[in-house]
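Here subunit A shows up in two complexes: once beside subunit B, once beside subunit C.
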Partner chain A sequence: MIHPARRTHRRRFLKHSAALAASAGALGFPAIARAQSGPIKVGVLHPVTGFLAYSGNLSRLGARIAIDEINASGGIKSLGGAKLEAMLGDAQSKPEVGVAEVEKMNQAGVSAIVGAYASSICLATTQAAAKYNIPHVVDVGVADQIVERGLKNTFRFGPGYKVITQDAINYFHIMNTLARKPARTVMIIHEESLFGTGTASLLSRELPGLGYEVKEVIKHANPTRDFNNVVLRIKAVNPDVVIPANYYNEYALLVRTMKQQNVQPKAIFSVLGGAASSFKFVKEFPDVANGVIDVNHWYNPQDKRAVALRKKVEGMKEFYTYEVFLNYQAVYLLADAISRARSRDRDAIVSALAGSTWGGHFMPYGPTRFVNGQNQGARPLVLQVLQNDIKVVLPNTYAQTDPVFPWKA
Partner chain B sequence: MLDPAILLASALNGLTTGAVYALIALGLTLIYGVLHIINFAHGAALMVALYGVYFLHRGPGLDPYLSLPVMVPAMFVAGYALQRLVIGRASHGKDENVLLVTLGIAIVLENLALFLFKSDTQTIDTPYTFSTVSILGAMISVPKVVAFGGALVVAALLLLLIRRTDLGRAIRAIAKERQGARLVGIDVEHVFAMSFGIGLACLGAAACFLLPTYYVNPQVGNGFVLIAFTIVVLGGMGSFAGALAGGLLIGVVESLGGLWLGESLGQIGIFLIFIAVLLFRPQGLFGARA
Partner chain C sequence: MRGLAGIAAFAVAIALMPAFVTSGYALNAMIMTLYAALLGQAWNVLGGFGGQFSFGHALFFGTGAYTMAVLQVNFGWNAWAALPAALAAGGAIGAAIGALTFRYGLRGSYFALVTLAFAEVFRILANTFQFTGAGVGLMVPLSERAADMQFATRAGYLYLILALVLVGFLVSWWLKHSRYGAWLQAVRDNEESAAALGVDVLRVKLQAIVVSGVLMAAGGAFYVQYLHYIDPHIAYGPAVSVEALLAPIIGGMGTVWGPLLGAALLHVLGETTRNLMGDAPGINLAVYGIVLVLMVSFLPRGVMGLLGTRRAARAAGDA
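Up next, the complex of A and B:
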């Protein structure tokens, strides 16, 4: 038996939905009527668990701060103040899980994806997103293959490792020449994956051309918990400069073991070093961090917005790392494109990103210009830990102070 | 040619690592000597002990060395219970069953750790993690020296236990002749469980000495198991002196190999020795001829 009240409800519901269907039909977009209103879904995809969890969580934080700021200041104005809605994804530090998350995000109807931190994960997620032409803004992922496969949906705001390593070599040469060439020999210590191996081979190919002797290249596993042998080797070879290319834990351990074994080269000059451009490292190990030089992603230190964001992040008891500000800026880049596209449609956003000339960021890149998905102006900066703070020391346009080289402990 | 000072530093460094290897191998060789089983769960048990030390440090803030009085008895009880309640019952008197049971336990423990603690690599920081002492001009880290001393003390205690106590006599009796020991009234099941417990207690001690300079993740035990097996074979199955000498030797070989051939190839020396021993002295350095 049907309860009378319920019956009337159902009748009323039928009547209302019929009216709704009729009105939608009149507008001519019955199928996508729902997708054209309400918040704009943005996939925020990072490795927030697994061995990359530390970086993944900071990446997610940067993206969420940007989304909250954009919504608080009135959303996307060209779309009637539509808000951005983050759909959070966890790649679990594995490329295949990243792909599964992209599939889920596609089903949920996201307009774009920002992520996915590690090169290997970005390679997989950009390709998966390309199937549905979902615009994918790559936040970090420095491997250059990411933007070399002709994927129309992929846009990398930051520099790739070839540009970073090439710049590092040039800056190193400038720095050494300015100091009247105290360094002639180098030793490279790198981790075993794509990033470390690629950087090391590029360095050992290019440095001899500028007159430097690469004394030795040492590869180590991830994780490594004892660098005594490596450091003893450095002691035996006694190079002028040690160039590490590895992740945070190993980087920190290597530099600390060098201190412990009393090995003091004229400089520790790293490329995308896991620690030298990290406030975490400076805070935890100030005695070994001071003097370390790194070529890495960094913001324009003169830009007030970058400094304000640093305050905000540190107020949240988090470290202001490149993961945070690169993701923060990646979301703003996307918001600018959606705003100019005046649409939440994927194709329209891809076109808007491809034609992007956005200058409203605080990175040392100039206005964006994408060629094959790579932002042409993206460049790293040279940083040195001085007096327990990270300072930009090269190039001169952004430098806060001169580099201290050779370093005397 | 390398500077002799660097060679010495590397050798001393290897010696300290080798002492911890020896401690792990001692547990393995004891279990093998008495129960005649190869404990495949040895690595997983070491992983559990390392997590124990890690959480005691993270939670109550207990120093890894002060965890010794907690971890050693805890691992002993766990080992005793495991042998009495699981391995002993499931074996049905057949040694090959035990092999599979320990393998199963290893898989369960590793995946439980993966589920509970994720695959993240965890480390602890102590005030002395990076302090060094100068030995003959070589800078050796303090926790490694402590581990070396600690491992030797534990090994000496173990030898004393085996040689001088009633339990030790019972263990040796069972190792030699299981049926005969039962006939003279030794509670074989109890001694089995005691041996397993002592074997795991060694791991508890090893974990306390290891963590200040090492890390823990669910797969951490695998690397040690392979080395521990090599040491046991090298020293002679069931020989304590062999395990101790083998451990120290392997530590030095690994360290010098790493110095000459690079970190990735360094372990090749260990396995070359392993093959050489199997070819020319299959009973091991200290093993009795079969």
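Up next, the complex of A and C:
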């Protein structure tokens, strides 16, 4: 005879097992459906919720505009005018959610993935995509490790962190030399995560070699809602140049506080500055934005297509930020590869990307050439906010005007 | 031995999964569910069985994750050698925090706040020191070999997390069936009475936080091996602490199966809302939140509580 307690236990176990089985069923085990006809599925993966939502949504916008344009102009012609179909994914600003989205996209049979904005998410998604050899075009993700791990499926169109900071240091030195060296001392104000800390340590290592004295490095938390003490410190140290390395809110607040306390260095010079190369900043705080110099992702201002896209995006009441145009171009890069591969097959697209010599973009990169997945020609530009607009001031090939340095308020 | 048979059957069922399921999506979903279950089991030891609600379990998670990453990246340790060190570090931090808080009789919301504060302190420390990579974080080099505790297939990771979850199950089962578990639950239900009956309250609580810390550190170690990257925000941020306490609260606190059930439900809920509302960012999270609020309001004892109530009602009907 079975003891009653024992029976209930067994029943309870059965119930638990049933619940587990039900949840496993709900997860679904769909077969991989990679269609050979119909639209070509492209995973558009960004952090559209969570703390990166602002950038993620602008990234998604850029990719969607490109997909709509390509479809409106007849799709991929070498595949009989096949249309691109965006499969939208949300990484929720977390790497592990990004991985889950890649798995879902693989299941849905995407031919490629564009994304995923933040370096930490890109590190995870490129690797997850590599398991299925899904071509992954990295839109922004500037951490250099993304393209240093030997993943054959990963391609970054834009410049990485080392190139950007090295260029920034060189341009800074050129600019200062041309102006007969008014700047000798700098002060770095940076946020505490990967981007700010990395920039600060690289700059404080490299600048002394070029004859600059790094007087002080100040780190602040994210978010910081009061910069009065930091600015008092800047006032006391009185550096020639202030270098901020932080995100939009903190950047804007720092520069505003400097204005309020009447702290006016010879230049505010930033690398990938959170607010500096942003039309949002220029529009919201025109009085403090003018004069700010930044080294950042930017388009060739002489290219009419870049200007046309700006009009289009502004017509949609959105800001024309680097998230928008880098994703826009990443989709076009992919479309070019699919078109040349004459296939929606992942391996064929990976090969086409690896051998890509695409020059049909409006970035200052020249034709693409990928070595270990990094586009060799990718470079940032030096920008300055002048007369409530963002102008390219260096290098001369793309410059719209000369830099105003030292800045006089 | 009754509960053990169920646990064994569960382990066998999951272990056989890779033979039938080839979908990476489904395997990844199982891995992430088991991972959430492990975090839940860890929290459940202290919060569910011991009644000490922590809001800062990220403290142990991050310590395990960073120990794993630092030993591999800075000291060139093998991942399998680093794992015991990571577990020990989680336990040691547990002992230290326990000694600081329980000795002074902190409980309830005071204990919760102190754990939250410690997690935040550790986040700032990890953000400052060079050996933790400061704000840049640490990246474990990609080397998909079992000898480096990295696997080319999802199945490898599934076995790894299953093994850790099994340890969590055995601990929970032991708490249900051992003298120590009875002491711990007595402390949860009424600390003064337990002390009056001769239970060494401080020691029991200290042991619980150490075990909880070790299990949570295992979760952190797994995270690093699975995603190869850790930074202060991921390691010590509040998201992990919340994830750890949600599963047992939803599933049923102080039960053996609660954390797993809660983790599975949360995963299904998260995936369903995400799939239903993929194009409108954020709506899924709002729905997810509302469902959570409803579940907590109407099922204060979790899903296991619901199962228990229905069984009790039926027993009453039979009588």
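Here is the rule we use: the second predicted complex is superposed on the first by the 375 of 409 C-alpha atoms of A that agree within 3 Å, B and C clash if a C-alpha of one lies under 4 Å from a C-alpha of the other, contacts with A are read in each partner's own complex, and residues count from 1 in each chain.
Everything below uses one rule, namely that contacts are C-beta pairs under 8 Å (C-beta built on N, C-alpha and C of every residue); 3 or more make two chains touch, one makes a residue touch a chain.
Everything quoted here is computed from the prediction, not taken from an experiment.
Asker: Mind working out whether A:53 is in touch with subunit B, subunit C, both or neither, as first, second, both or neither?
Answerer: In the superposition, A:53 contacts both subunit B and subunit C.
Asker: Going by the contact rule set out at the top, does A:249 touch subunit B (first), subunit C (second), both, or neither?
Answerer: First partner only.
Asker: Applying the document's definition of touching, compare subunit B and subunit C: which contacts more of subunit A?
Answerer: On the superposition, C touches more of the residues of subunit A.
Asker: Report for A:88: first if it touches subunit B alone, second if subunit C alone, otherwise both or neither.
Answerer: second
Asker: With both complexes superposed on chain A, which partner does A:229 reach: first (subunit B), second (subunit C), both or neither?
Answerer: First partner only.
Asker: If you stack the two complexes on chain A, which partner ends up touching A:192: first (subunit B), second (subunit C), both, or neither?
Answerer: Both: A:192 reaches subunit B and subunit C.
Asker: Who does A:99 touch here: subunit B (first), subunit C (second), both, or neither?
Answerer: So A:99 only meets subunit C here.
Asker: Given the touch rule stated above, what does A:262 touch, subunit B (first), subunit C (second), both, or neither?
Answerer: In the superposition, A:262 touches subunit B alone.
Asker: Scan A:124 for contacts with subunit B and subunit C and give back first, second, both or neither.
Answerer: second
Asker: In the superposed view, which residues of subunit A touch subunit B and also subunit C?
Answerer: On subunit A, the overlap between the subunit B and subunit C contacts is residues 49, 53, 192, 219, 221.
Asker: Taking the touch rule as given, give the residues of subunit B at its contact with subunit A in the complex, in rising order.
Answerer: Contact set of subunit B toward subunit A: 2-3, 6, 9-10, 13, 17, 118-121, 123, 130, 132, 139, 141, 213-215, 255, 258-259, 262-264, 266.
Asker: Can you name the residues of subunit A that touch subunit C in the complex?
Answerer: Within the complex, subunit A contacts subunit C at residues 6, 8-9, 12-13, 15-17, 19-20, 23-24, 26-32, 48-49, 53, 56-57, 88-90, 92, 94-96, 99-100, 103-104, 106-107, 120, 123-124, 127, 131-132, 145, 149-151, 191-194, 196-198, 219, 221.
Asker: Sort out for me which residues of subunit C touch subunit A in the complex.
Answerer: 2-3, 5-6, 9-10, 13, 21, 23-26, 28-30, 32-33, 124, 127, 134-137, 139, 141-142, 152, 154, 223, 226-229, 231-234, 239, 257, 260-261, 264-265, 267-268, 271-272, 274, 278-279, 281-282, 284-285, 303, 307, 311
Asker: List the residues on subunit A that touch subunit B in their complex, please.
Answerer: Within the complex, subunit A contacts subunit B at residues 49-51, 53, 93, 192, 218-221, 223-226, 228-230, 232-233, 235-236, 249, 256-257, 259-262.
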